[in-house]
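Below: the structure, in structure tokens.
Labels A, B, C, D, E and F are assigned to the chains in the order they are written; within every chain, residues are numbered from 1.
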């Protein structure tokens, strides 16, 4: 079954990265997967949350938001609602967990890195684009600290990237755009390291349950896509 | 490596179910996995959320909370904080998705089933206990409606149960208690149907990434535990 | 006029107490007055509110909440509403005042006891059941501290219990259930000590004003019921 | 024991009433008990809360607040805190209940009367001053409606007034000012009708329990004070 | 075109000031412009906001609110809404900026003056009445501190007053009442010092843009009115 | 006195406009004044606020926000704070008023245009950049509606643009960047139409009051800058 943009079922959308989009941040990258555009920044603060004080290690936390007119209809700002919605919470917890996994927290020292992922335009796969872009922002931020002499060792131990995969009309597809995602029978987000291991695997039945064989197909597809993302990330990391 | 309560690595904790714990609810079950105790109720309301009005189908939503003194230290009520935390949002979205998957929404008609899962005591695995217990409450509620003549067909199409699995000190374990969970290298929650398929698979590296082989071991372990839970559920369902 | 459950006008409903329902709390009791079920726990924290710091005395505070499906229809969680309602505030202030009255705050030392009263099922008289059950949880918590050697003297100086009384169709009744309560012309909550004195007297006209003679009848009825509650409390206190 | 302002133990502070302080309200009264000043207004709205719609009867609700600099130190605005405190909730519920008791809700028709009680200056007894002043505002508002021809019968069936009484250093005192109130062993608020009956009786032990004899003394004292308040109210009601 | 109260186009409404309306505040003034009544108080606290700590200077902040029944219809309390509205924020920021401009912050020392401006009755021009009245409260508060010996120099360097001006049916008018304000084509608020200079100029087109010539006419009218307000302020300042 | 970027005192920073930055919006423009970057979008909804229903006219409202890492230090999200700050309220009210002034609300019909102005990078003048960019987004949105045949007449009657001006070290400057703005003695925002008239004039003393002569200089400077902005806007409007 052909995809609306003519892509093969195992092809990523065109991925573009613009580094330093926010010039005041320690690290910043605008990442695009087709029409999905997420602005990621890494801010380094010289303090840690209360539960880590005095323990000689750092922390990473993430925040995710969508501009009101990122999509085809306008959505309400969470600041106007006065609270952060469940979907946002779920996504920013995923981003935070994913990026914490690649860092040596002792090498970071008592610092917090805040990863802000703001979706400027949304066409599916915003959370996985955010993770992939946040890694670039994070890596650029730690490189900046090393250049400034604040760090002697770069605490980023490996690469982390993510992609969405799903079953649409019975076919496994890589990197779903929004129309595909809204018709998916199974929706999955996979986060991996460049050592070929998983940080997070999430598979969700949307409408009908799936077998273990289906899950395996999706994981194989995700691995292929993520390997390509590691190459793109490397081109924009600051070493 | 022996477990603190002497269980085998592939053994569930003792599971107990007390149905009709809340006598006014359409369906209710107190479920216990060892010291973890979750009170589940299903309330049926004759209306649907705005986005479903007039479409001839129903909806299921879930809410999850923990009593302040469910655990070893007292936690603040979310009503006092004035907002629902990220972890709660993540869990109640998971419960809702999991239970929606087993229902024929057209057969339910324009009704909403609200699943309340309140943790009275917490010793690990509260979200999977909640899913397993909520299914019993849900099934008892639809049976009640059928008895009353409000429904001609029971909209519950299959059984849904869930369990946690994880890697602790290198060993895959079924149904982690809290001390095990807090030392897990990989933490996974699996939701399945009694047709042997997955509704949700979540695997998260806590500390170090994991291979696909490891994921496979965990899924096998989860399948074993969930099959046992289906038997227990059947004993307490109202047919 | 006969009562729906055949009780005499001056009879309590069957009262049951299950201690240690929440095993991690310093003190805990599930108390039932007929179908009303309130889970009470006492948590001891080694700090006091700001206004008491450095004054060598302790504090007691209470929180009250109702599970969404405690009653015949589902009520919204206060965490979802984002705020605590007026009725809840009124009740938890009453519980806190009532229990503070029985404690020697200097003997307690710079500690705070938090009393959580969660209504699992509601059939009238939840606030007075909460006070009566919270005293058991409190007493068990201070006994625990004494056992551990943290306290040399038990700061609980006397017993505190409470009951509701009211005028229904012209007749004074003890311990109203929900249907009685919703038809009461006068509604009263009385909190007493086992020295035979009052901690709190509240009488409210619901529909028509009442004379001093009526108030006297109600207080006499309340005293009778509370004396019976003291006996029940004693059986479950840890000495 | 002499009182700081030389009053007898059974004497009210000087009570002053300024009607129509807020000229746009249907009824308004500024009431002063010594240095306590409460601005009361009654607003009539042509609708009822949802639970009363279509039932041919009206409703009364009350709101209470204190200006930040009503007292000797500045207190935070509840609008800044983002929520209404427990004490405020307790007081405005008391005011609402008290005034509802004097109204014929069918004669009022499907209207809501909102009673706003704003404390401009606080020196003890603000809630009882609010009830006493709110009755004047309410009565003036219904008189206004009758004048306009909107009502044929005045729905106010009787007078309602309130006063505080307490035990200070062992002596029963009428109408406590703030310094007296903060040293009271027993604190009581009494709401009565001019038919000599009670609408609300609240007695609270602050520090030590009290006997029924003590309660009787307090109620007698309150009755005396409230009879004097009925005379003052009558002078400012619009008939 | 004659004004409804017969005033000349360049005439203020009758302005009345009652000082010490709130006797517990360090400084207080009830100011009236015709039917507009604003109660202003100045509270002095011995601390500064975090961003000024240890810098040897003080701060002034303002809060503004309207009683629910200040106007012809009842408005909701912001404490009930749970948040402060945009208009309130805009006004209290204007009051704060305006009064900060007249103070020598070093002479004030590490103290914060909180200006509370509560509108008891609203008939147009509440924000400019608040600024004019707040200056009196502020000046009386610093005089109090000087009397107590806490300050050696009065930090108030000059007078600040404000008035509204506008274009109504093509005519420039001084000190608009509410009916005039709601028909104004241009609405302007001007804050000046008694040295004849501006602290704030705000001109807003309500319906149609205005020329610079029009702006000049309005500023001339405002200057005339503010000069008269300085005389009134002087009569009520405590020197 | 030379400016840090070598600009003349009456020169704008380089202004760049990228239209259609958010492809799903009816109208969108990214506007840059030097390092200040504001993303503006116009969303058209087929409904009006309650107070305008059934009156045959439309409405325009604006929302303004800043990404956390727009500036040199990270600021907290307002969604995390749970409320919108005073500065944000003040700015979005200004944007809304300014753009409403250029529209024929009857020609718009019963539609609401929501203008979202999100600051991606902040270096002074964000509110005036937002107004200038929002006009482009608005104009493109109404042109889109006209193209689609939903509107027969374009309701945009004139151009609206804005700029900041100020006095820095005694010198009037056009279009202040952040370092200039933070040292300004007088800070002014001016909104004009291409008919040469004012929509809003705001002049604020930051530190010391200013004379009318100074205000005149600033207005002249603002007029010059705004005329240049009209030319830039015209190049990006869709006609």
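In the analysis below, contacts are C-beta pairs under 8 Å (C-beta built on N, C-alpha and C of every residue); 3 or more make two chains touch, one makes a residue touch a chain.
Note that the structure is predicted; figures quoted are calculated from it, not measured.
Q: Following contacts chain by chain, what is the lowest number of steps it takes to reach chain E starting at chain C?
A: 2
Q: To lay chain A over its twin chain E by CA atoms, how big a turn is needed, in degrees to the nearest 5?
A: Rounded to 5 degrees, the superposing rotation is 120 degrees.
Q: Where among E-F, D-E or B-C does the A-B interface show up again, with more than half of the contact pairs the same?
A: E-F
Q: Could you please state the distance in Å, as a whole number, between where the Cα atoms of chain D are centred and where those of chain F are centred?
A: Chain centres of chain D and chain F, defined by C-alpha means, are spaced 51 Å apart.
Q: Find the geometric centre of each of chain C and chain F from their Cα atoms only, then give the gap between the two centres in Å, rounded to an integer.
A: Between these chains, centre-to-centre, one finds 59 Å.
Q: Return the residues of chain C touching two or more other chains; collapse runs of consecutive numbers into ranges.
A: 82-84, in rising order.
Q: Could you tell me which shape the graph of touching chains takes: line, ring, star, complete or other?
A: ring
Q: For the complex, give me every residue of chain B touching chain C.
A: 21-25, 28, 35, 39, 41, 43, 45, 63, 65, 67-74, 77-84, 114, 116, 118, 120-121
Q: Chain B touches which residues of chain A in the complex?
A: Going through chain A, the ones touching chain B are 83-87, 89-90, 92-93, 97, 101, 192-193, 195-205, 207-212, 215, 219.
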